[in-house]
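First the structure, then my questions, so here it is.
Letters A, B, C and D name the chains as they come in the text, with residue numbers starting at 1 for each one.
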C-alpha cells in the first residue's frame, strides 16, 4: 500500500518484499499468491481431516506435523508482512492483519487446551485476501452489487427480523404451555428454538407437537413462516433490481461518446442525444 | 395526546406526567422510556428463565420475586398512564392500553392457576410502544413500506391461502385413505397437519408415508408445494417494488425546487422541467 | 343461464327455481347460497370428525346420520338444478355438474365399500361455486391475475420440471448405488422419493445418507435444490409483474375521461393528453 | 448434419439413413424418433423396476431380458448413427455421441461387476436429444430465456456460493467443538454436512444440536439461511426479468411494419414512429 520512495538498501528490500507479498502484477507476486492459496486450502483440509476419528488414528502424526508446518509458514509470512509495510501497526490492526494473526493462534493455544486447533478453520477467511489479490475484479463488482442491495435492504430486514423474533417469543411461550415438558417443549428457550426451526421451514423433527392443539398452532406457524419467506425475498429482489439498474452500462453515446448511462436511460446524460440501444446510429428524433 | 390548556395544579401535574410518560423529547421522558425498555426486556427474560427447570430449581425464589416486582412497576405505570391522559377510557380501550393491561393480568392469574405466569411473555408486545416512542422514524418508514406492500398483496394472498387450504383438505383425506392409521395418518385432521408440514417444506418427519402410493403422492405434493412457494414470493416482490417506487425521492427539481418525485419520473410533476438525476443541473432539452 | 322466455306454468316454476339456485341477486337466491355454503362446510367438517377415532366412538351415530342428511339435501339440490336449467345434460356435463355428482357418490359407495365416505371431502370443491356466486369479484380479479401469471409461466415451468425430474432420476440411481439397501435406499423409486424430499428442502429424515460419499452427494443436491428454488420464484415474480402491469387502472384521463390506462402509461391512449398521476389536473405540457 | 451431395449407392443409403435417424421432418424420421422416445422411457423404467426387490424376485428374468434387448437395440442404433454421418469421429466425440455410448456400457459392465446396470439410468439423458429433434421450439425458446438468466447470474451466484461455503466451513468447525461426538457431530466434515442440511432449510433431523449453546447457534444459522434464500431468488428474478425484456415482441410497428421491438419500447427502432401498444393505429403525437 505504501510505495517506498527513498532507495536505501533496507528500503529496497522492503520494496521488493512488498511487491511480492502485497502485489500480484509481477510473476513473483503471482507465484507467491498462488502458493499461499494452496497452502491455506491444504491447511484447512488438514484440520478437517484431523477431526475424522479414523483418519486421526491412522495419519495423526502426519496431520499434526502438517499443521505445525503450515503454522510455521504462516508465522513467517506474518512477520514478513509486518516487515514489508511501512507502518506495521496499521497492518496489524487492519481486518486482514487480525485474520492473519487469528489464523496462527489456535496452534499455540492447542498446546495448553488440546482440541482448540479446530479453530484453525478460521484460516478459511484468509482466502478472502487471495480472492482480492488475484484481481477477480469481475466477481468483486458482482459482490459489490450484492452488498449494495443488502445494505439498502438493511432497515427493512431489521424490521422483518424484529417481527420474526416477537412471533418466536410469543409462539415459544404458547407452545411451552400447550405441549409441556412431556412432549419435549421443556422450557421457553427450547420452545423458541423449535419455533425458529419451524418458521424457517427447516423442520428437524427432534421436537414435534403431539397434541391436537399443538399441531393446529404449529400448522398456523408453518403457513405464516411460509408466507414470511416471501418478505425478505421480495426485499432483496427489489433492492437488487435497483442496484443492478444503477450499474453503468458500456454503451457509448452516439453523440459525444460518453459512457456510463443508466440501463434505462434513453437520452445521453451529457448532451441529450437520444440513445439508440439496438444500433449504434441515432437516426430517429424520438419526440 | 391531549395537551391540557388550563393551568390548574392538578392539570399541571397531569401535564408533567403526560410529558414524561407519553413524550420522548424531554430528558425526563427519554430516561423514562429507556428505563421502561429495559424493565420489559428483563421481565420477559425472567419469565423465560423461570421456565427452565434447572434455573427454576436454583433461582426460583429470586425469579418469582423479580416477576412480582416487575408486575408492581408495570401496575403503577398503568395507573399513572390512566391519570396522565385526559380521557382514561380512550387510553384503556386503545391497542396499547389493552396490551398494558394484558401484561399485568397473568401474574394475578397465576395465583389461582399456577403456570399461567408464562403468559407474561405477552409483555414483548409492549416493546412495540417503545419502538414507536424512541422515534425510530427511519425504521418506521420501512415498516410502512412493508405494510403497504402486504396490504396491497392481501386479496392475492387470500386467494392463495384458499387454494392451499383446499389442496390441504383433499390431500389430507387422500393420504388418510392411502396410508391409514398403521402409518401414523390416523385421522383426517392429522393427515392435514402432515400435508401442511409437507407443503410448507418444513418436513418434521414425525409422520411419513410408508407405502409406495403414499410416497408417490407425497412427491407430487412436495413438488407442488415447492412451486407454490413461488407464488407468495412473487406477489410480495411485485407489491414491494410498487410500494418502494411510490416513496418520494429526495431529489429536488432543478427548475422549481419541488421534491417528492417518483423514482421513475423524468419530468418535474409541478413545472414539467426535465429532471437530470445524475447532476443537479439541467442543460439538456430532452425531447 | 338460459332465461326462459315463454311463460308456461312449468316454465315459470323453472324460472323461479333458476333464479333461486343459480342467481345471487335476489334475497331468496342469496339466502339459498348462504345456506348451501354452511351445509357444505358442516358436511366436510363432519367427514373430518368421523375420521378421528375418539369422536367416532362417541358420536359415530350422530355423524353418520348427519352425513346421510347432508347427502339427502345435496341430492335434492342436484335434482332441482337439473330441473331448473333448460338443458340438463349441459349442466350435468359441466365442471360444477360433475363436482356436484361426485359429492354425492361416496355416500352410496360407502354402503358397498365401508370407508369410502372419506371421499366426501371432495365436497370442498363445491365451495368454489359459492365463491363464484357470492360475487367476490374483487378476489376473482386477483385470482385472474394469478392465473394469467401462472399460465404465462407454464412453458418455463415445464422446462424447469423436466430438469428437476431428470436430476431426480439420475440422483436417485446414484444414491441407490452409493448408499444401498442397508441405509434405507432400497430401490431406485425410493431413492427418487428421497431425492425429491431433499431437493424440495422438505427433508423428512425418514431416509438419510449414512456414508461419507452419500452425505457429500446429498450436500451437492441440497445446495442445488436451494438454488433451484430461485428459478420458479423468479419466473412467477416476473410474470406476475407483467400481469399486474397489464391490469387497467381506475385513473381517468383529464382530457377525455377515458379509463383503463396501463399503470406505466404517461399519455392517454385515446387523446394523447399527458396523464398527471399525482393530481387530477394536467397543467404541464411535459416535453 | 452433413447432407451428402454425391449420389453413389452407398452415399444414397447413408443419406436415407441420415434422414431417418437425424431428421424429424419426414414421416419415417418422425416414426423413428417416437419409437426411440418410448424405447428409452421403457428402458429406464425397466432399470428402476429391477431395483425393487419384490419385482426383481418375481419378474427378474423378464426385466433382465428386456434390458439386453434394449441394449441391443441401442447398440444397433449407435452403429447406424456412426454409419449415417460423414465424419463418424465427430459424432462419437460430440455430447450426444458420448451419451449414446455411455447408455450402452453399463450393460456390458454388469457382466463383470454385477449391479452396475443401475448406471443405465444415464439413458434418461438421451431424452434430451428427442426433445431437441421433436422441434419443441416453443419450450426451447423458454429454456433459452432461463439459460440466459442463469448465465447472467453466474458471477453473482459464484460469489454467493463462496459465501455460503465459508459460513459452512466455519459453522461446521464451531458446532463440532460445541456439540462434540456425543451428539452426532463426530467430525468437521459431518458437521459441515449438518450445516448445509440446516442452512438450506432441508433439516433431515438425523443430526441435531442437543446443548443449549448448540441450539442457539443453530437458530442463528437457520435465520441466516432463511435470509440467504432471498439472495439467489432475487438474483434470478432480476436476471430473468432482464432476459424476458430482451425477447422480441410480435407487435409490428404501425409505420413501417418492423417487428421485434423491446417490450418497453415506445418508438419504433427503425423509423421512430410512436408505437401504440393498445391499438394498431397511432393517432397520438405523444410529446
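Here, a residue touches a chain if its C-beta (ideal position, glycine included) is under 8 Å from a C-beta of that chain, and two chains touch if they have at least 3 such contacts.
Keep in mind that what you see is a predicted model, and the values were worked out from it rather than measured.
Trainee: With centres defined as the mean of C-alpha atoms, identify the chain lying farthest from chain C.
Mentor: Most distant chain from chain C: A.
Trainee: Tell me which has more C-beta contacts between its two chains, B-D or B-C.
Mentor: Taking the two pairs in turn, the one with more contacts turns out to be B-C.
Trainee: Upon optimal superposition of chain A on chain B over Cα atoms, what rotation angle is obtained, reported to the nearest 5 degrees?
Mentor: 90
Trainee: Just curious, how far off is chain C from chain B if you go by their C-alpha centres, in Å?
Mentor: Distance between chain centres: 29 Å.
Trainee: Need the CA-centroid distance for the pair chain B / chain D, whole Å please.
Mentor: 41
Trainee: Give me the residues of chain B that touch two or more other chains.
Mentor: 189, 192, 201-205, 229, 233, 235, 237-238, 241, 286-287 - these are the residues of chain B that touch more than one other chain.
Trainee: Enumerate the contact residues on chain C facing chain A in the complex.
Mentor: 201-205, 233, 237, 287
Trainee: Which residues, counting only chain C, touch chain B once they are in their complex?
Mentor: Going by the criterion above, the answer is residues 44, 47-48, 51-53, 115, 118-119, 121-122, 124-125, 127, 131, 138-139, 141-143, 145-146, 149-150, 157, 161, 164, 189-190, 192-193, 196-197, 199-206, 229, 232-233, 235-241, 244, 276, 278, 284-287.
Trainee: Which of the residues in chain C come into contact with chain D in the complex?
Mentor: The contact residues of chain C facing chain D are 155-156, 158-160, 162, 166, 169-170, 172-173, 176-177, 181, 186-189, 192, 198, 201-205, 208, 212, 215-216, 218-219, 222-223, 225-227, 229-231, 233-235, 237-238, 241-242, 262, 267-269, 271-272, 286-287.
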